[in-house]
Structures are given as structure tokens and as C-alpha cells.
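What follows is a set of structures for review.
In the two assemblies presented below, chain A is common to both, partnered first by chain B and then by chain C.
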Partner chain A sequence: MKRYHVFALNFMLVGVLAALLVCAQRFLDGYSIQILNLVAINILLALSLNLIYGFTGMFSLGHAGFMAIGAYVCAILILSPDQKAMLFLLEPAYPWIESAHAPFVVAVFAGGLAAAAMAAVVGFPLLRLGDDYLGIATLGFAEIVRVVANNVPRITNGALGFKGIPAYANLWWNYGWCLLALVLIVRILRSNTGRCFKAIRDDEVAARAMGVNVFRLKLLSFSLGAFFAGVGGGLLASLLTTIDPKMFLFVLTFNVLMIVVMGGLGSVTGSVIAGAAVTIILEWLRFVEDPITLGSVTLPGIPGMRMVVFSLLLIAVILFRREGLMGTREISWEGIAAWLRQRRKA
Partner chain B sequence: MNALVEARSLTMRFGGLVAVSEFSAAIAPGAIVGLIGPNGAGKTTCFNMITGFYRPTQGQVLLDGRDITGLPPHAVCEAGIARTFQNIRLFGNGTALENVLVGMYVRQKSFWWQSALFWPPALREEARQRTRAMELLDAVGLTSVAGEKASSLPYGAQRRLEIARALATAPRFLLLDEPAAGMNPQESQELMEFIRHIRDAFSLTILLIEHDMKVVMGVCEHIYVLDYGVTIAQGPPAAIQSNPKVIEAYLGEEALAYA
Partner chain C sequence: MTIEIFLQHLLNGLTLGSLYALIAIGYTMVYGILRLINFAHSEIFMLGAYFVFWGVTLFHLPWPLALVAAVAAVALVGVLVDRVAYRPLRDAPRISALISAIGVSFFLQNVAIVLFKAIPREVYRPEWLENPMIMGGVRVLPLTLFVPVLSLLLMLGLMYIVYHTKPGLGMRAISKDIETSALMGVPVNSIIALTFGLGSALAAASGIMWALRYPQLQPIMGVIPGFKAFIAAVFGGIGSIPGAVIGGLVLGFLEILIVAFFPDLAGYRDAFAFVLLIVVLLVKPTGLLGARPEEKV
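And then the complex of A and B:
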């Protein structure tokens, strides 16, 4: 298969996606569109965590922290100075916070950059730790971000958070960023740098012996993942229009982790499929939280029930299909072409 | 002739255990040198000190007159020293080709974002790396399995792949830790030819650890013998074979085992 064939097919795929989005916007109700938006953001988040955990083998539980940073930076930049003057009730914002303003693209990008910068700073000491310690330390990091957000009211408006964040994050922005992340991550993974990420995951000692500067590449992968986590956080802030520190609890990281594990650690395709499937299933499962009437008996709705159901599902996946949906396999045009050729021969 | 690699009284202590004591060696460019000794003598520890995995308790390693003691492993590799492992360590999920390509990373000029953004010189470099990697696979006779997962290859092929991956880092000095382990006599014979061949084809200097005496005596020009971390003898194969200390410490042990 020639390179331009692949390029043309990808181009067509993007066209089809765009057409679908146009249709969605015209024919679907607000609720369904909201779910489609969440699908894009969750895919983006899953890809970013998969880069860190699935491809480079760094067990990081700090995603909620990076998302929080991206969300706050983006929200502060897209809220107008007037809005901010009204929002900061506890204490007035610092003048530079109040006056900061930027277009949405810039704000999302800045959110990603801030998260990446933070990742570089915390990664410097943390990435020298062994795997289990890294998980615990990054978990602690995310918690620290939340506590700080609670306690710098002149920047974050404390526990109240922000309301009325402009809802710029429509289908186009969300799928645009998601596509950008997908293309960049796939490009990196297919380059020799990406091969080295996987080498570090497979055998760190051998990678070092082969001249791979393991620490530097880990820092790179960690920061890149954090960048897209920050982007996802920024998009989410604008999609939901409100943020506060409680939103960035560990559950948020857990949700993303669940998608990555279900899709397959080390599979981009898996993250895309699971990102869409998990988001939709989670929404669909909301019915288990409603009161249920069985004949004459009425069971009261139990909030949080869907997470229980979902966790059971996750356990089932891990028990019966340890490697997730895709393992480390990918679906590619080359793969499909090879498969078709084989079918024709048979 | 000046030594390419020089070890100066390398000593490694683990707590109370002296794994290697005052190991000194001067290896001339182009030489094939052996490092032998009974199990636990400290051979692999010597490799780990030379390649930066262990920081010697005492002593220096010089490459071409430059002191490389204490450099991290990746910097040692960049300086021109490559190694293989006693218990094969391949990147199991990658294909044979990908394993070799990882070895080329240390010599890569373009940055990570350049190839991600379709920067033409970076793409050309990747194409060159691929060609070179295929040449290296050809040199070790693995062209036909280039696309196979490394962990699925038979044992002998994995050993050869590890050598190809080490060659990909463009080393001047190559360390082989028991390359003939698990090979039958026929394969060991081929291995000897192969080691000489790569020495010439890639203008290498080679230090190898080996238990198979046929291989060591057949291919090495100079041999160091360790026993309990102490260098008990060194010299050309013929002298080593007849050295009473060596016979007692090492060959005697084997002779007993075969008796």
C-alpha cells in the first residue's frame, strides 16, 4: 500500500467524520450532542493516558491534576474580565488574573502548556521512582493540585470555582482537538522516538544499554500526555461551563484509566473504541440510578450505582480478557488491506 | 599500540562481598579478548562496571584515553560501547526490525517532533535507518523474520538479534555476555566464525564472556581469568590452557564434572 493511498483514505475518513458531525448537529437533540462531545474529550484523555501508561509503561494516576490545571487556565482565559469581577465573591482576583483574556484556541493551548510544564516539574523528581511509587506519588500530586485550587481564592475563586464559563466547546472544537491529538500521538508512536517509548516499557535496562536516555524520554512522554490531559481539561471546562475543585477528584482519573485498560494498554485503536463505548454506556447506565418499579415493589434509585455496575464490568473485562479489547493490536489501513487480500485468496 | 579500552584496578564491593577486585586490562583495537571464570567469579559485574550499570567502588574505565567511569549507561553507549546480556533482554513486543531501530536511536540526528510533523529531512533519516537496520538483520541472517515479534523468535535467533541491535548503536567496543549459551556445537562453531566476521566487517574490538572453552580458545587472542573476583591469570589461549592456577580453579572443575 502506497503512502498516498493511506493519506487519501485518512482524508476521506476525516471527511466522513465531518459529514457525520454536520448531521449530528442538525438532527440530534442537545442531550445526544452533549454525549458526542464527551466521547471526543474522553477519547482525547484516554489517548493521553495511554501514551504515558500503555506505551511508556509509567503508571501515573495524576491525570485529574493535569486536567484541573488545564481547566482552570482555560477558564480564566476565556471568562471575560467583567464576568470575573462578578465571580470572585470571596476575595477579588489578582489584577493579572482578572484582566487575562484570550481566544478559545489559545486558552485551550495554554491550558495544555501549563499542564505540560507542571508535568515536567513534578516529573523531574518523580520519574526516577519505581512503578508503584510513581502511581502513589502522582496520585498525591493530583490531590495537591485540588487542595491548592481550594486555597488560592484570588486565582481560582476557592471552593466556589467558576460558573458561566463560555460554552465554546462545540462538536467542531472537541473533535478537532481530539483528531489533532490522535494524529500527533500516532505520528510520534510510529517514529523512532515512539519505538523507544515502547522499548522503555518492555525493558528499561536494555533500553539504557542501547543508548536510550530513559529519563529524558520518560519526561517527554509524561509531559506530552499531560499536555493533552490539560487540553482535555480545558475543553471539559468550556463544555460543562462550571468547574470547581470537587470536580477533579480521583474518580476522574479512574474513569480515564478504565477506558485505557478496557481498550488495551498500548493500543491507540483500543482507546478510541473504548473511549466512545464507555462514555455511551456510562450515560446509558444512568437508568440504574433511577427508581425502578417491579410490579408493586419500587426500588429507590441509588446514586453512584452506575459506577458500581461499571466497575463490575471492568473487573469482568480484566478477568476474562486481561489485555482489554485490543491488547496492543491496532487497526490500520495496511492491516485492513492485508486482511482483504487474504480473504480474497481464501 | 595504544589500548582502545583500559580498565584500571576496577573493584566492586556489594556490602561485605568483593565481587571484583582490582581488575585491570588493556585491550588493543581490533582484538578479540575473553573473560572467563567459574560461576559467580564476577565476570558480568565487570561488564556492568564498564558499561556504566554499576559505579565501581574503585578504579577507572578509559575508552580511547577518555575517562568514562561513572557515566550513565546511555552515555557509555553513546561513547561507543555496546553490550548484550547473559539472559537475553530484547524488547519483546517489538518486531526484530523495531528492536534494531531502537539501537539506532542513539545516533539519530532529528528530534522527536520533526518526524511527527512530516519534516522531510527527518523522514529521510527514518528511511535511512530502516535500510541500515535491514542490512544489520541481513548481517546476522535474520532478514526473513524482520517483521516477527522478537519474543516469538527461537533462542538462537534472539541471541543474534541482540547482537544486531548492539551493532546498530555503531559501537567501537562490543561486550558479549555468554553468546554461545544454549547453543549446540555446530551453532557454536558458526558463532566463532560470526564473531570474527563482525569484528572485521564493523572494525570492532570485542570482549566476550564465555563458558564454552572451545569457543573461547578458538576465537580469543587474549584471555583474562577471574576467580572469586581476583584475576588469577591472563595471556594467550595456549598459556591459559596450561596454567596450573587456571586448571585448578576452572578447568579442573570442568574436568571433574566430565570425569
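And then the complex of A and C:
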């Protein structure tokens, strides 16, 4: 299969996706479109965590923190000064916070950059830690972000958070950013840098012995992952139109981790498939939490049941199929072509 | 600040610290043996408090009996969690077991939401714990003495088991080298189950006393104390039981005293512990009393 074949096929795939989005926009109701939006954001988040954990082997539990940074930066930039003057009830905002304003694309980008900058700063000391210690330290970082967001009312409006954030994040923005992340991450993974990431994941000592600048590459991967986590946070803020510190609890990181583990650590296509599947199932399972009416009998909903099912699913995946859906394998055009050829022969 | 108020703060710190210490012991014992951060431990703590609530309201047990029954039931849950979610992963990469632990933690939390509903519940408190006494000019609730004293007794009991009995010897052997201990005839799986049982029992005791001190039950009540206790274990040197006790006490005193002396920082209360954690990990990752693990290549 030649390179331009792959390019043409990818081009067609994007075209088909765009056509589907046009159809979705026209024919689906608001609720379904909301779910489609969440699918894109969750895929984006899963890809970013997979880059950090699945491809570079750094067990990071700080995603909620990076998302919070991205969400707040983006929200502050897209809210108009007048809206902010109304929102800050506890204490007036700093003048520079109140006057800051930017178009949506710049705001999301700035959110990502802020998260990446923060990742570089905290990564500098933290990435020396290995395995579970890194996990617990990044988790600590995320908690600190949340506590700080609660306690600087002149910037974040404290526990009240922001309401009425302009809902710019439509299907096009979300899928556009998701596609951008996908292309960028795939390109990086195919480059020399990506091979170094995988070398670090597989054996850090050996990678160092082969002359890989382990620390610098870890920092790069961590910041890049954090950038897309920040972008995801910004998009989520605009999609949901409200944010507050309580939104960025550990559960948020747990959801992303669940997608990555189920899709397969170190598989881009795995993250994409699991991101879509988990998001849709999570929404679909809402019915167990709502009251059900059968004829004259009304069964009360069972709050909490959704997460019971999902945590069981995660445990089952870890116990019985540790590599997840895809392991480190990928679905590629070459793979599909080889499979077709084999079938024709048989 | 008068000396009376200062003493009151010290007592509060001691109470909070001994509660942290009891949870931290469970973390440190499991980590010492399996190198696993048992995320589900904070939910075990929560279950302890709820089981007493159930015992008293649903089964109408007398309060002391409800305590014992709850501790036993929670110990059983701890053993069960190990059997189902951790034991099949003994040979897997360490992070797999950690992810399993995170899954169990969310599972128990949400089962608690399903069973007990998310609304906060009031806890029954025996009256004799609540009538304040005056001791040397300081107004003391019997509760603030009851908690550290009972905690101390439990810790001494645990120390006795770990350092003076045969199963305790097994625990110490496994934490040194799990494979060699197995070859020497230590029944590894039963000893690990015992470790989970003991750790869970202490966490349950801590949860029960926590509910007496801060009498409101919620399915997520274990999360923050659990994290803090884990941090206490790291601070004291993970794997070391005396380290966990010291770490717990230090964290308890620090939290109460910082808020007492700098009331402006009260909002950041939950962040102190995490800042402490990051500083400890960077400066002295082995903690106060921890042994330096050799790096295997």
C-alpha cells in the first residue's frame, strides 16, 4: 500500500465523518448531539492520558487538575467583561481578569497552554518519581488545584464557579480539536521522539543507556498530554456552560483512566473506540438511575448504580483482560488491507 | 491565645492524629507487603461507620455489640477485597493492582450510595461520651480522651501481633522478601489475608470513632481522611508501623495547629497534606523511618 493511498483513505474518512456530523447536526435532537460532543471530548482526553501513561509509561492521576486549569482559563477568556462583572458576587474580580477577553479558539488554546506550562513546572520536580508515587503525587497536585480554585474568589469566583459560559463548543469545534490531537499524537508517535517515548515506557534504564534524554522527553510527553487535557477542559467548560471546583474531583480522572485502560494502554485506536463506547454506555446507563414507570407501578431509580456497573467493568477488565480492547495493537489501513488480502486467498 | 485554648487545640490534634494513625497503619502494612497503595482503604473506613449505624438502627444491637460486629464485618470485607481484586494480580505489573484498587474504591463508594443513599446521616452517640468534664480548667469532652486512649490500645495490640506472634513473624518475613518466605514455608496468601483483615479492622475502628467525632455519615466521607492517612504513612516512612503512627500524629497536630494559628488559611486545610506529601516525596521519599529500597535493574 502506497503512502498516497493511505492519505487518500484518511482524507475520505475525514470527509465521511464531516458528512455524518452535518447529518447529526440536522437530524438529531439536542440530547444526542450533546452525547456526540461528549464523545469527542472524552476521546481527546483519553488520547492525552494515553500519551502520558500508555505511551510514555508515566502513571499520572492529575488529569482533573489540568482540565480544571484549561476550563478556568478558557471560561475567563470567553465570558464577556459585563458577564464577569455580574458573576463575581463574593468579591469583585481583579481588573485584569474582568477585562480579559478572547475569541473561542484562542481561549481554548490558551487553556491548553496554561495547563502545559503548569505541567512543565510541576513535572520538573515530580517526574523524578516512579510508578505509584508519581500517581499519588499528581493526584495530590490535582487536589491542590481544586482547593486553590476554591480559595481565590477574585479569580475563580470561589465555590460558586462560573455560570452562563458562552456555548461555543459545537460539534465542529469539538471534533476539530479531537482530530487535531489525534493527528498530532499519531505523527509524534511515528517520529523518533515517539519511539523514544515507547523506549522509556518499556525500560527506562535501557533507554537512558542508549542515550535517550529520559527526563527531557518525559517532561515533553507530560506537558503535551497536559496541553490536550487543558484543551479538553476548555471545551467541556463551554459545552456544559457551567464550571465550579466540585466538577474537578478525582472521579473525572477516573473516567478518563477507565477509557484508556479499557481501550488498551498504548493504543490510539483503542482510546478512540473506548472513548466513544464508554461515553455512550455511561449516558445510556442513566436509565437505571431514573425512575422507571411500568404501567401503574413506578420503580424508583437507583442513584450510584451507573458507577457501580462501571467500576465493576474496570475491575473485570484488569482481572481478565489486562491489555484492554486493543492492547498495544492499532487498526490501520495497512492492517485492513492485509486482512482483506488474506481473506481473498483463503 | 490562652493556654486553655491552646491545650484544647493540642487535644483536638491528638484525637485527629490518632484517627489518621489508625488508618495509616492499614496503608503501611499493605504497602510494606505488596507494594500496593490500597485505594479501597478509605472506603473500608467509611463502611466501618455505616455498619455501626446499621447495627444500631436496623438490627437494634446494643451499641458496644454493634461496634464489635461492625469491626468484624469490615475486616471480612477487607479480606474479601484482597481475595477477589488483588490476589489474582500478584504477578501482574504493580500498576495493574493499583488500577484494580481504584476500581474497588469507586465500587464500594457507589455501592454505599446505592445502599445508604447519598443523604448525610446522623449518628447515634452514647451520652456518657458527650457530657463535658472540667480538667485543670480545660473543658474536655470524654470523647476527645476516649479516641486517643482506644487508639493507643488498638495500636499496642497490633504491635504485639506483629512483633510477638508467629503470624506477625510471617508478615515481617513477607515484607522483606515474598518469594523466599514462600520457600521457607510461610503460608503467604493466608498471611496477606490476615494483614488485610487487621488493617481493615483498624480502619473500621477509626471510621467509627471519626463518626463519633464528626457525627455525619456520607458515602464519600472516607476519601479525604483516607488520602491524608496515606500521606501520613508516606511521611512516616511507608512500610513502617511506628512510622505510620508518628506520621498520623504529626499530620493531625499540623492540621489543627495551622488552622488555629493562621485562621486565614482554613480554606486551604485540605491542601496542607498534599503539599506535605509532595515535599516529602521530593526531599526524602523514604519518609522518616522508612528503609531505603534498593533499585533493581
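What we mean here is this: the second predicted complex is superposed on the first by the 337 of 346 C-alpha atoms of A that agree within 3 Å, B and C clash if a C-alpha of one lies under 4 Å from a C-alpha of the other, contacts with A are read in each partner's own complex, and residues count from 1 in each chain.
Definition applied: a residue touches a chain if its C-beta (ideal position, glycine included) is under 8 Å from a C-beta of that chain, and two chains touch if they have at least 3 such contacts.
All of these numbers come straight from a predicted model, not from anything done at the bench.
Colleague: Between chain B and chain C, whom does A:Gly135 touch in the aligned arrangement: first, second, both, or neither?
Modeller: second
Colleague: After superposing on the shared chain, does chain C or chain B touch more chain A residues?
Modeller: The larger set of chain A residues in touch belongs to C.
Colleague: Once the shared chain is lined up, is A:Ala346 touching chain B (first), chain C (second), both, or neither of them?
Modeller: A:Ala346: touches no partner chain.
Colleague: Check the residue A:Leu220 against both partner chains and state whether it touches chain B (first), chain C (second), both, or neither.
Modeller: first
Colleague: So, does A:Thr328 touch the first partner chain B, the second partner chain C, both, or neither?
Modeller: A:Thr328: touches chain B, not chain C.
Colleague: In the overlaid three-chain picture, which partner chain does A:Val308 touch, first (chain B) or second (chain C), both, or neither?
Modeller: A:Val308: touches chain C, not chain B.
Colleague: Looking at A:Met210 after the superposition, I want to know if it touches chain B, chain C, both of them or none. Which is it: first, second, both, neither?
Modeller: first
Colleague: Check the residue A:Lys198 against both partner chains and state whether it touches chain B (first), chain C (second), both, or neither.
Modeller: A:Lys198: touches chain B, not chain C.
Colleague: Check the residue A:Leu184 against both partner chains and state whether it touches chain B (first), chain C (second), both, or neither.
Modeller: First partner only.
Colleague: Determine where on chain A the residues touched by chain B overlap those touched by chain C, and list them.
Modeller: Of chain A, residues 205 contact chain B in one complex and chain C in the other.
Colleague: Which of the residues in chain A come into contact with chain B in the complex?
Modeller: 184, 187-188, 191-193, 195-196, 198-199, 201-203, 205-214, 220, 266, 328
Colleague: Spell out the residues on chain C that touch chain A in their complex, using ranges where they run on.
Modeller: Listed in rising order, the residues of chain C that touch chain A are 35-37, 85, 88-89, 92, 94-96, 98-100, 102-107, 109-114, 117-118, 219, 223, 227, 230-231, 234, 267-268, 270-271, 274-275, 277-278, 281-282, 285, 297.
Colleague: Using the touch definition from the top, list the residues of chain A that touch chain C in their complex.
Modeller: 59, 125-126, 128-129, 131-133, 135-137, 139-141, 143-144, 147-148, 150-151, 205, 250-251, 254, 257, 261, 302-308, 310-312, 314-315, 318-319, 322
Colleague: Inside the complex, what are the residues of chain B that reach chain A?
Modeller: Result: residues 51, 53, 72-74, 77-78, 82-83, 85, 89-94, 98-99, 101-108, 112, 115-118, 122, 126, 129, 165-166, 168-169 of chain B touch chain A.
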